[in-house]
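Two complexes come next, and they have one chain in common, chain A, joined by chain B in the first and chain C in the second.
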Partner chain A sequence: MTIARAPRPLRLRPTWSSVFETGLGARVYPYLMVFPAVLLVLGVVVYPVLSGISWSFYDVTLRKLNSGSFTFVGFKNFERVFADPVFVRASINTLVWVILNVVAQLGLGLALALLLHRPVRGIGFFRSGILVPWVVPSVVAVLTWRWMYDPSVGIVNEMLVRLGIIDSYRPWLGDTATSLYAVTVESIWKGTPFVMLLLLAALQLVPRSILEAASMDGASGWRKLWYVILPQIRVSFAIAAVLTFILTVNNFNAIWLMTEGGPLNSSEILFTLAYKYGFQRFDLGLASAVATMLFVGLVIATTLYLKLMQAREAD
Partner chain B sequence: MKMRRMRGLIAATLLAGLSAPALADNIVMWVNGPLASSPDAPIYAELKAFEAATGHTVEVQAVPHMEMERNLFVALSSGAGPDVMALDIAWVAGLADAGLLADITAQTAPIAAEYQPGPLASGRYDQKQYALPLYTNNVALFVNDRMLAEAGIKKAPSNWAEFRDAAVAMTNKDKQTYGVSFGGNRMGAFQLYSFIWQNGGEIVDEAGKVRVGEPAAEEAVDFLAKLYTQSRAMPDSVLTAGNWDEVHAPFIQERAGMVVTGDWALAAFTKGNPNLKFSVHPLPAGVKSATVIGGYDLAIKAGSKVEKPAFELLRWLTGSRSIALMQKYERLSATAAATSPEAIAALPKQLQPFMAQASSGRARPVVAQWTQIHSDVFANVWDAVIRGKPAKDAMAEANTAITGLLEKK
Partner chain C sequence: MSLSVASSTTAAATKVSAQRKVRPKLALKRVLLYVSLWVAFVWSVFPFYWMIATSLRAKADIFRRPPSIVPQGITLQNYVDLLVSAHFWRFAMNSLILTLSVTLISVFISVTAGYAMARHRFKGSVMLPLFMLYGQMFPPVLLLIPFYVQLRYLGWLDSLYGLIPVYLSYMLPLCVWLMRGFFSQVPHSLEDAARMDGCTRWQAFWKVILPMAQPGIVAVATWVMIHSWNEFLYASTFILSEKNRTLPLGLSKLIGQYTTDWGVLMAGGVVTAAPIVLVFFFLQKHLVAGVGGGAVKG
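So, the complex of A and B:
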């Protein structure tokens, strides 16, 4: 007589990782996985930010940086920054720089997106072509524009003279009245394709039936844009606005490589001013004070951006 | 038996170790980009010779001039950075003041006479020597021979009146040619220092007094600015030229007949316009001759673990071998031997005027705040004056600003 044995339940051979399958191990496992990333973010993002903010309350100069003996000065760095007439000039310039960039990039980006949204033959070529400024490395673009603005041989002057807009060549980057606007033109040229891309993607999600219904109701092009299209893409539009704001405030390359904030601080923005405080004066306390103010502004903008993203998801 | 053999082996190894020469060290060195622009740059052969002679190894990293000061500041402040660094003579005071450079006063005292006094002084701060001169330069007057002849002038200007007359004579609005190309902002500021000294003016005197508000300094700035604001003898690039390429461009394109620049321009001119016929002359003199000294020094990081071999490297590169080494770069050695008539005669013809006027070379004030004085104060003075601000007002403001900077430690 043979006794039939019940088959043993199949069990995998335990390995070192089995400890994470049940109990405390399983609960710890996800935290363990994100730990390296958290460590990295703490090291390269959180620590520098906190350190920068704390430095804005200390007297940190090149001499003191080496000795490591910083003196706590409270809000004195902020007082010094506000007392500097260049800071006032840079703040106004930053405002002008941001408003012009955001308004122009959104306006032109929307216009281009509407233009390129049409089902025309060969539209792919134009859509790709319009992205060229965005794809060109920013340093290359800036240096090219610098030569285009050259007061003696620049093509911008030549074109404007031939079009009869100006009588003679002008030093666009060397004139305190035009330097900021000249750099702004380059920045708008570089940034608009990105906005166009965002809005074009949003336009493609607008249901055709709504547009057809509006047409049947006799809505003109402007009315369709204002009452149908813009409400449909409003969240994308707002996201584009916030992103443009952040990218413009952070656009250090354009101003630094074209004018270094000059002449006579006429194109100075807060970012270039912070750089000068830090790496020309080697006064890191002062630079940190400006950077902290910029940081607060950008945090507000980023929070707004995240809220808008949530709103879009809710839509 | 086995144990005894092992002990013997250990003892032999120890003995061999004790009797061998000191262990070779690795020296990390940062040099300005043009000195190590390609793998066959002369400095590499020189360093190979150093390595063969001393047994040390040298790791070279090239850093662009415009980034060097900032990178050194960041790296050295955090305790990193090179053991040996090439640094513009204008940066020595700032880095030394911050305690980032090794004090080499004791080692250099016995060899001080081997160097030209001006360049050697550029490495001294607060009575201590922190650097030795790798090469020196100064600014001279480059003249387009064809444009000068076409303007009806037979010889290059040698004083301010001739300089102004030549600049005006070479200016032709219809042909869009100008007398002299000049830089804006920091470039222009660097160019005008020589003229301030030539007029008997001072920036900061030896007693530490700021003197840019005095008439001699004002007149010099006014003289140069009027070449643009009144005579229109400078192209509009004076408003924007923020680097040497842009200062040189009108001269290379033969739109400007003269330019005030240094020996670094020679290669740029030959490359930019091989057909350009130009000659180099000492700067036109004012009430006296003067030219601003430039160049690079070599210094050692404070607290470097290889300070002794690093100093050997400094000696190797700045000593007598530097005459031949710098000739390969078309630059001027800062050794005293390089100023002998024989050594000057051996230089390429276009380099000779620089060495000939070396005795009237003046170093910029060796003060820790110099970078800020140059970038924030003088650059703005020049920018303001060429846009119509009276030189007297601009220099008076500069005087106050510099005094404030020097008082604030």
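So, the complex of A and C:
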């Protein structure tokens, strides 16, 4: 007599994560997975931003913060900021700084991307070399340039003298007429390779057939660039422009480590001005007011950036 | 027959002469191309070269006037001076600890969040990623003051662990955004197949999806590492005592009010840049593959 053994139903070894398979567990699962990230972002991004904005409406200095006696003053901080001649100077400088950086980085970046796009011998070598400024840590790069600008033994001075552009060594960073532009040169050097990378990626997506068609129709190099290539990469170009804008407005290291905004505020931008209000004068309300204005500008730029991203995805 | 040969040779001859006519123009174009490539190359690499060259010079050579482009003699004295100073190792340790903790935390948290956003429909699964991208664009100067006050309040000012949440604030949002992109490239069918074979949700994620998304994870981790290693603004504002400085901060403090030892400073620059440059050139292919999205065959 044999006992007919009923086959045991095939069952998986239950694990702790079976909880998430059905019912409430399954519904909660995705929320659980995003929860830590959302919590952290709320804590370290959203809350600080909101409190930063609200502080621009309070009369608060470090001493008042310690005693806990700070008061709501409405738009008074903004009035005080606008009345400060240094703020006007910093605004103009920021405008110059942003325009020079964006125009030069986009122009040079496009030129480099077009140069590196063609498959000639040794292009990998050139590409790696041209990416060097992007790879070097920003503090290291800025300090190296500061050394190159040295007024008594700097290599920049020596080279310009040898090329016959200037007669004698100059303190590029210590002169109110040149300090902002000297820092700008470093910033362009550092930022261009990234723009080049973005545009190179876009160039590689331009269909070869379009270029060939243009050549067949007898388009010259420049016309091909203007009428065929540029319209094809326009969205990437715009994205690169907005990104460069954001990065330039937020570029603190270059100015702070070369000139600290000096001499005589000649290279002060809004970022360094807000920093000085906050951490040299310890007037946190004033600093927050400047930061809030920068924030509004950047939010507009970011919105533009996202719109462009969506336009690219739709293309 | 002979006629046809003759005609073909004349045809070849006219072709050659036509090429001759074109060639000088082509050659000129080629020369121009290489000249501009070399100009761009020298412009990009020269400051890097100058940093290394300065770090290998003797003190007298560094301050010689006029400066010479090629060092007169090579010495490692600057590196010895840098490495025997007790602080350098301290700074390097600080940078390393900070970088590793920020990288680990942000990768762990962004992996799960990015996956959930790419795979599951839930309330906010559309808005949340966009919001993350916005979070990345907030200007650090606006966050600086609230952070300062908060860290003071918590007593975390001037400490390495106080910097961790601060660094996360500007790393995490973009990490989540990038991770979401990588996970959305892993085909749905793979996960479905794993589930059919009896994996629980978690097992399918852990054993099937994560290995597939590995190139993306490496790319994001590298990105976070590079940025935390290089960070200067927050470190210089929140770190007050010398023993807690990170490498970039320690480097910047080598600038003296009146005199600066540029040889040692540039040696420090080389040592600080070296890991980043090495990581970049070793992982270049990997990074590009990860970012370019060619990592997963769909």
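We take it that the second predicted complex is superposed on the first by the 290 of 315 C-alpha atoms of A that agree within 3 Å, B and C clash if a C-alpha of one lies under 4 Å from a C-alpha of the other, contacts with A are read in each partner's own complex, and residues count from 1 in each chain.
The definition used in the following text is that contacts are C-beta pairs under 8 Å (C-beta built on N, C-alpha and C of every residue); 3 or more make two chains touch, one makes a residue touch a chain.
Not measured: the values here are computed from a predicted model.
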> Looking at the overlay on chain A, is there a clash between chain B and chain C, or do the two fit?
Replying inline: clash
>> Between chain B and chain C, whom does A:260 touch in the aligned arrangement: first, second, both, or neither?
In response: first
>> Taking the superposition on A as described, I'd like to know which of chain B and chain C A:280 touches: first, second, both or neither.
In response: first
> Of the two partner chains, chain B (first) and chain C (second), which one does A:92 touch, if any: first, second, both, or neither?
Replying inline: neither
>> Under the stated touch criterion, which partner chain does A:65 make contact with: chain B (first), chain C (second), both, or neither?
In response: both
>> Which partner chains sit in contact with A:152 here, chain B, chain C, both or neither? Use first/second/both/neither.
In response: both
> Who contacts more of chain A, chain B or chain C?
Replying inline: C
>> Just checking: does A:246 make contact with chain B only, chain C only, both, or neither of them? Give me first, second, both or neither.
In response: second
> With the two structures laid over each other on chain A, which partner does A:53 touch: chain B (first), chain C (second), both, or neither?
Replying inline: second
> Taking the two structures together, which residues of chain A meet both chain B and chain C?
Replying inline: 65, 150, 152-153, 279
> Can you list the residues on chain A that touch chain B in the complex?
Replying inline: 62-63, 65-67, 150-153, 169-171, 173-176, 259-260, 262-265, 276, 279-282
>> Can you tell me which positions in chain B touch chain A when the two form their complex?
In response: 70, 73, 76-77, 94, 97-100, 176, 184-185, 235-240, 242, 250, 253, 255, 368, 371-372, 375-376, 379-380, 383-384, 387
> What does chain C use to touch chain A in their complex?
Replying inline: 33-34, 36-37, 40-41, 43-45, 47-48, 50-51, 54, 62-67, 69, 109-110, 112-113, 115-117, 119-122, 125, 128, 130-135, 137-150, 165-166, 168-169, 172-173, 176, 198, 200-203, 229-230, 232-233, 237, 248, 251-252, 255, 262, 265-266, 269, 272-273, 276-277, 280-281, 292
>> Quick check on the complex: what are the chain A residues that touch chain C?
In response: 12, 15, 17-18, 20-21, 26, 29-31, 33-34, 36-38, 40-41, 43-49, 51-53, 55, 65, 112, 115-116, 118, 120, 126, 128-133, 135-141, 143-148, 150, 152-155, 158, 161, 189, 193, 201, 246, 249-250, 252-253, 256-257, 271, 274-275, 278-279, 284, 287-288, 290-292, 294-295, 298-299, 301-302, 305-306
